[in-house]
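Submitted below is the structure of interest, expressed as structure tokens.
Each chain carries a letter (A, B, C and D) given by its place in the written order, and its residues are counted from 1.
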């Protein structure tokens, strides 16, 4: 089959690889019809991870079931399914509490597995024609009858819509809260969208890219243009000097100041400053325990110079970590089915698998207009 | 001053009464500019309570502070304020946990006090020119600068908007849930509106009045016309036979079947039938511990023949009680200020105080188009 | 193999039946070493259910794994395991939210399955030499190294310890709360024990059996002897007239007054009276949707004459339903392992399988000293 | 009256000062009978804050009401009362949500006020004969009839018992959880005690002082002696390499390594290492936004080099801040009244006010046996 394969830093190709196949009786095999490029794929693309050459990328996957293992009871051939990027067993201590992003079974010695991702287990990704899905009864979300018609909405259930929603849950966003979101990339936009769905009051979103801020404004968020580095002042002005009730980190460890220099503690310390006393902060932007490629000395060891005294004095709280997609995908799916959510507004490009290299290059460069790419292996 | 005074069953008048005044150092005096007639005022109007003759009615009040007691620190003369219908002290065991609808101080021997209401303490209501507000620092919600412009929205913060919201909290409505609401009166409409604000999926609302169902449809709810008594079947059909995730009771003890006969257990047993196993039910429609005027033998003693076996087998849960308005009014206020909620859509009539008798009569008769009346004492 | 088989009302026998065996690749086979008789087995024993003749009883099971299906990944031959009475799939909408007592897969058309129980699916019970365990990776709790030494403690994790704990969770018991528990049978005692573990303040427990009240007193609860029907007054006296913060129903639909007559609404209405305004009630005693054998007319149809007006006015809430055992068994297990809980204090009799008929007879009669029986098939 | 007055670093005296008196109609005046020295008093004592010379210290206060302002409704002369160290209004946005440690009224421009404390408003402390208590109806906890008999228990409700409990709430400790607590000072011991009350499984507590570890062992905690710096290994060993479910920081910004050198990020990074993936961390040890006296360059600006990458990868969460004492003191009080908690086990010395200087000196030096001092102004 054809698949997007990682060769080395900024080098991916669409290659012929052995077909994905059923390996365990609890697996199903899915023919992929939509698979997105994710912002976190760029960490691998840029060579800022230890992912091995030859890895098939892609963890935002949707398709049709074409074969089922003999212990699979729920999923049937022909089902349209969307897979959480997390691969989880359903029966370990973490899964049974719904913490499927931290499965103790599927990536032994670690907490959490994923398709086609550095350090997340030996699983191939879905930027390919076919995908093996382990523990399929647990992992597959079966889509409603309008699966094909709204496929570009439903594919967002694999990662960024639940991840954006997770940011708002970690922050504790509730009805009427003011919220500030750092980062208007796909996940930040989904966090803003999620906050709005939950009935937040004022939703502010910080970025320096005007195309992304414009998209944020379209969904009712207040764009905070940080091109001049004034975001803290702007947010304090809008919140009567108190800061927002809640804040979301949707940038991650490669965050930059307004001049484009990496300043690893910038977003987190700005969050502490711009979230009110007793407020909550949710962090879904990826931070790495080791980052040998960083220039900053602390960052090499996964540390940041964090304003902990301020954080404590304000009595804030924060939650972190990859989203437990299954905690949200079923309900977000029902919003899409009911016509109350349409996350596909974020998609800028629909491309065949063969154009993945150009897509990675443009998305990585944050070229104007390249907000989100969905690959269509059948095209 | 002039005030709406209860004289006896279906007999109210607008009379001259002694002016409201500061009685305790923690009081303020408010000049009322908007005061609603509430569905629960009709229980008194119809003679189905033991309210005493001479009582000034009115618990949905908004106005301007014109005098403050000498122990009042926060509230200032000139503040535009909206008062929760609950009168609460702020320091008892219940108030300190936020259960301000069950204050142990303001109505000794009971849990909970209110303005102008049967059994809720010796407090005059606000369907009058002036209102005394006890524990004013705790009870007054100070409104934003656009208080006058959006007065018809803000006055809904006194009761029905928070009460509708409370129904959804008691039921446990969360993002993506399907919800069924019994009763499309003002509170039921506010419950539907609240569920939508919180990101519910499908919101169904049951009634027999076509004007109210039409209003529900305008805010995105699915009207369930129960004129033929088929509501249970309609709801099960819409939910794949499972029932809704959550249900709200917004009718109360005088609920009727589709032919207009009082059947006190009808709504509750329909809720058990039409909410899914493990689902939640929130009850804000008023039920009385004694109802001597009821025809039903059990109802006279405040009992209903409840499908408890079904309720248990389905593992449902329910919460009840008058809303703790302060738990929600500040955040709902911020939604109005941000232009994200406008509960005044429910108002059918703005009338001067003098027309209160006609308003009560029409509202009590559920005459077509009489959804919600706001009285304007200054008019 | 030998097994306890239901023949008809008050008629069970220990018979030879076909051996339990692996039927699906996700099953394991367990050799039973401890299996309790439960109070809810008595509903079947007394002929108050529609359980079919020939059913193998027993849903409180513990043993050693002797064979595993080929899709089982976690459970190994030789593991000492305790099974929740619930049989659940782990992947349906309810299981994925932790509501394993309401599995939508294992008992199609209903919510929830169990071993050897009326209306809970086609599964044989474990009062037998061997037991087939479906979805074993999900359902088996693997016990710590001291499994054999503390077997009589660990077997309580199958049902009554989590069920008692569930009652306190449904009621919302938290640190410092006063709690009243109706019923000092095995589940009520476990509820009292659980409340104490969670740091409740005063724990009161109501019954008429002096041996059970004595056992309650041993674990620090205040016994409320209701032999004279004065329990409501006693509880109000102990709580300054307010009632307890929380209440638990551990009796069920066959509740009796102090003279021994079935009065189906008695416990529930006493709970409403003896729980404070805003308090919570948790119900784990079984109530049936239909009870043709009842004398009470409402009870035949699964209804009770419930003090709903009082319940509403007090702003109480209640939760019901069979325990989701997996929500608690892992943590309760760790308390036993740490020497911080020892629920075996409840056991009055350890008997071989052959003596099951006498055990049922004595337990059903509530004969003095027959608090809890554990059967030992290997003995 | 006599009072403990701060003169300068390591210089306090017991001096004659003007009598405390009623200043506002909502005040009461309390004759102090017990007032503790707190570990956080030592930050001031050591000159590591900007507290002004002349300040009366003391925020852990209990006594008898001797006068009430004319707007006080609940509190009566003669009431035995214990005051939260927080001074809060009861009606601001934070107080109304129960966040009384972050009152927006009582210390304008900041969130939170306290008696006798640096940066916490102009309030005198209670290490004195009399204390003025603002917003007395809200702030005073009226003690049960056994107030005098258990005075040494009840005085712990002013701060360290609720603060220790708060640590466990911030960390999310629930029944059966394993917990690691850093710091076996008074607050750490109260956190261990609180975790035990809530039904935690294994409770580990880290310190280098053998007398404190011995006290911890007495209440059932596992002492982790860090004299050799091996605490991380010890904890991982005890938890099967996973780390504890929850962790509590009860040390603060002056934390030291096992050789006694201040290493400001040591405790926090050890917590990240020794709490399991998805676990929670509660921080009640004080961290300062600025610490000019620190040697560490980051610490001067209130920063620590925090292992953020590890924290994110493990999906942990943390909560911080001074305890909202009123959130817990009423329920903890009922545990003391019921004989289920006795936090006075921590007291090592009962001394007259005159001996405060020696007490500060010994407590500051962590001299053996000086665990907790309660001053008795009447002695």
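Definition applied: a contact is a pair of C-beta atoms (placed from the backbone, for glycine too) under 8 Å apart; a residue touches a chain by one contact, two chains touch by 3 or more.
What you see is a predicted model, and the numbers here were worked out from it, not measured in a lab.
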If a chain touches chain C and chain D alike, it appears here: A, B
Among A-D, A-B or C-D, find the interface that matches B-C: by residue number, over half of the contact pairs should be common to both. A-D
Selected pair, greater C-beta contact count between A-D and B-D: A-D
Can you give the whole-Å distance between the Cα centres of chain A and chain D? 40
Can you work out the whole-Å distance between the CA centroids of chain B and chain D? 42
Multi-chain contact sites of chain C, meaning residues that touch two or more partners: 330
Interface residues, chain D side, partner chain A - complex: 94, 99, 101-102, 111-112, 170, 253, 268, 277-278, 283, 286-291, 298, 301-322
Partner chain B, residues of chain D touching it in the complex: 24-26, 69-71, 73-74, 89-93, 96-98, 105, 137-138, 326, 330
Show which residues of chain B lie in contact with chain A when the two form their complex. 165, 174-178, 197-199, 201-202, 328, 330-335, 337-338, 340
